[in-house]
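In this document, chain identifiers A, B, C and D correspond to the written order of the chains, with residue numbering beginning at 1 in each.
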């Protein structure tokens, strides 16, 4: 975020006196942060959740190393996860934790990338969203 | 059982005095996405305090949903304004944008818009440029949507997480009725801010067609309530019923509109012309399906619901295409891992 | 469907279950709680994940007025946990009367301490410890901020304690403990019923006085850092499941909270350190 | 510099609370909260119900502030793009 000098909070927002210096910020800076709905970590305790990889409507397709869904048999891609991953397993993977039992380590990384690309409305998204920790 | 209590309360708020188990009413109403509609319908009645509190909460939730739906429509308008096209709002967003009674307290999910079919590519480009993304990248589904469906594959906004369905007509192209999509757009009504809604008759035809000629009737009690509200609001206009008849016939949806009228009349006491009130052998099945939810909010009548699910596929596709579609789905499921 | 009704603070639940076991355990755990206030705010259903899963390797699906896709069923041995999760889910998705913060809370002299942070920060354990040491326990999962009054309303559910944390509570009466639940997503856990005072005074709200962001690690040196209002605001929006849904009343309640109540982050390595830090900070904000 | 003209909603469409140097900004038409850092609040104020292009925005803000920037046109364009994406300003 950019900064403004000499703006004191006691002046009640953005009506400071003349000669206050206002920095316009670098072109690449960001001055707007939008509050989005949070499942928060609440859902971790709320929810014992799981994520199918890929989602049931794409069942049978493979997962490429970058997490995209590709036709079965695509060279270099991984077969679907043999079972849905649990929220706890995904959380561990996101923090470079151990590979879940029964999974190949490289495949697991691809699955995590797949999960990172999930959208609202697709199977597994709410579970993934619930793992996002506020920092 | 309890869905019928919800329907009864919507039709006749005074019946609230006889309700014994409000917990069951709330569970069933939530299951049918009718809590907001019910809460506005019962507003002002003398009810136990706690009931009144829960209804006030439901009204608050509906108001927040309304704000969000209108905002999503506004953001779509901004994204599409440079194209200079008529953007026709459909369903719940249209009802609230036009201030219709059907929008009061209504739950609204995705944003549904209708645009001329020839404009689809530019609409798609403009939405993608303004932050919408495809929900999934699956070539079969994509092709399936483009060849056979009445809408683009669903798009979702990357930061607002809201979906938009871009329609170019109101029924799948494979369905037997062929609505006159050009007439839907040509006769739409401008709201004054660049957005349009369907004309009153088309709005009823769309709601009825969506309910009885397309889906599996899940959430149908809410959709039928829309139809009740729309018919009551429009019926005072001179010649409305004749125009509705003509318009329904033109879109090939006369039987769906008649069924909607009969069932709305049965469940909600909706006024319909004398001549519409004929006996129909299938109506009781539809009615049972619409009311298939108990006081725990749990769906009932499993076999009946499954029957309507099959029917929805049947309606969307001619038999050979249906067989091919199911075959592909089945093969994809069973492909070796 | 078997049925149990339960009131926790201002919220009444109706819980239906296809099996007697989870409801019997729930009834024991919440013995002494007040009767539900009709109609119930929320319905929770515990039902077989598939029809045959009622008897054959019974598996409990969590359903109710509000639900999320992706919820995995639990074995019947964890039915009590399923009921607890079901209640959490209704609150997280359906609560509209209060701003819901994922936080623990305790009270002294009518003033409340809010403890928030990611799971694993030790919220529950710290609140439960304080609750046994002269503070009134108000809840370990959700703190309810009144939209009209700005007060903190108690929601004193049973505390879910990891097995290791149980050693910190050697003196609690055995009847306050729920069954040992093994193999939960959080490992072995056990529920602890809040003490009689917490239950008896659950309808008394308190005025929020301090917002604490604890961080626990055995390697940490005890430390305190002030947290500015803007940071508290953003962190609490992320710790709230209904902030966005509440729209303007939520904004009003949360900005009022963060402009009136100071925020502090603390690091601690043991429960004793945490309690000492809390007592010290509490004196400072008096 | 001839660019697009932007406009922001009138002041009554928003509620603001100062949080240290930042502003919590509740935007009623969308029901959304934004956290704004300077100069975003000042730009919104300059455009509230009064359309203007980037130059005019700079001039309006410049009446009350000493503007500090290496490249004011680029900075103001970036700020307007951010605010447009958030739905807080729109093309007039």
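We adopt the following convention: a residue touches a chain if its C-beta (ideal position, glycine included) is under 8 Å from a C-beta of that chain, and two chains touch if they have at least 3 such contacts.
All values derive from a computational prediction rather than experimental measurement.
Two chain pairs, B-C and B-D, are compared here, and B-C has more C-beta pairs in contact (counted per touch definition above). Centre-to-centre, using mean CA coordinates, subunit B is 38 Å away from subunit C.
Taking each chain's centre as the mean of its C-alpha atoms, subunit C lies 40 Å from subunit D. The mean-CA centres of subunit A and subunit C are about 25 angstrom from one another, to the nearest whole unit.
The set of subunit D residues that touch two or more partner chains comprises 17, 19-22, 28, 31-33, 35, 85. Residues of subunit C in contact with two or more other chains: 234, 237, 243-245, 247.
Within subunit B, contacts with two or more other chains are made by residues 64, 67, 159.
If you draw each protein chain as a dot and join the dots that touch, every dot ends up joined to every other dot.
Touching subunit D in their complex are the following residues of subunit B: 64, 67-68, 70-71, 74-75, 78, 81, 131, 159. Within the complex formed with subunit C, the residues of subunit A that make contact are 33, 35-51, 84, 86-88, 123-127, 133-134. The residues of subunit B lying in touch with subunit A in their complex are 133, 135-138, 141, 154, 156, 159, 161, 163, 332-337. Note for the complex: subunit D touches subunit C at residues 15, 17, 19-22, 24, 26, 28, 31-33, 35. By the touch rule above, subunit A contacts subunit B in their complex via residues 34, 36-37, 55, 57-61, 68-69, 72, 79-80, 82, 119-122.
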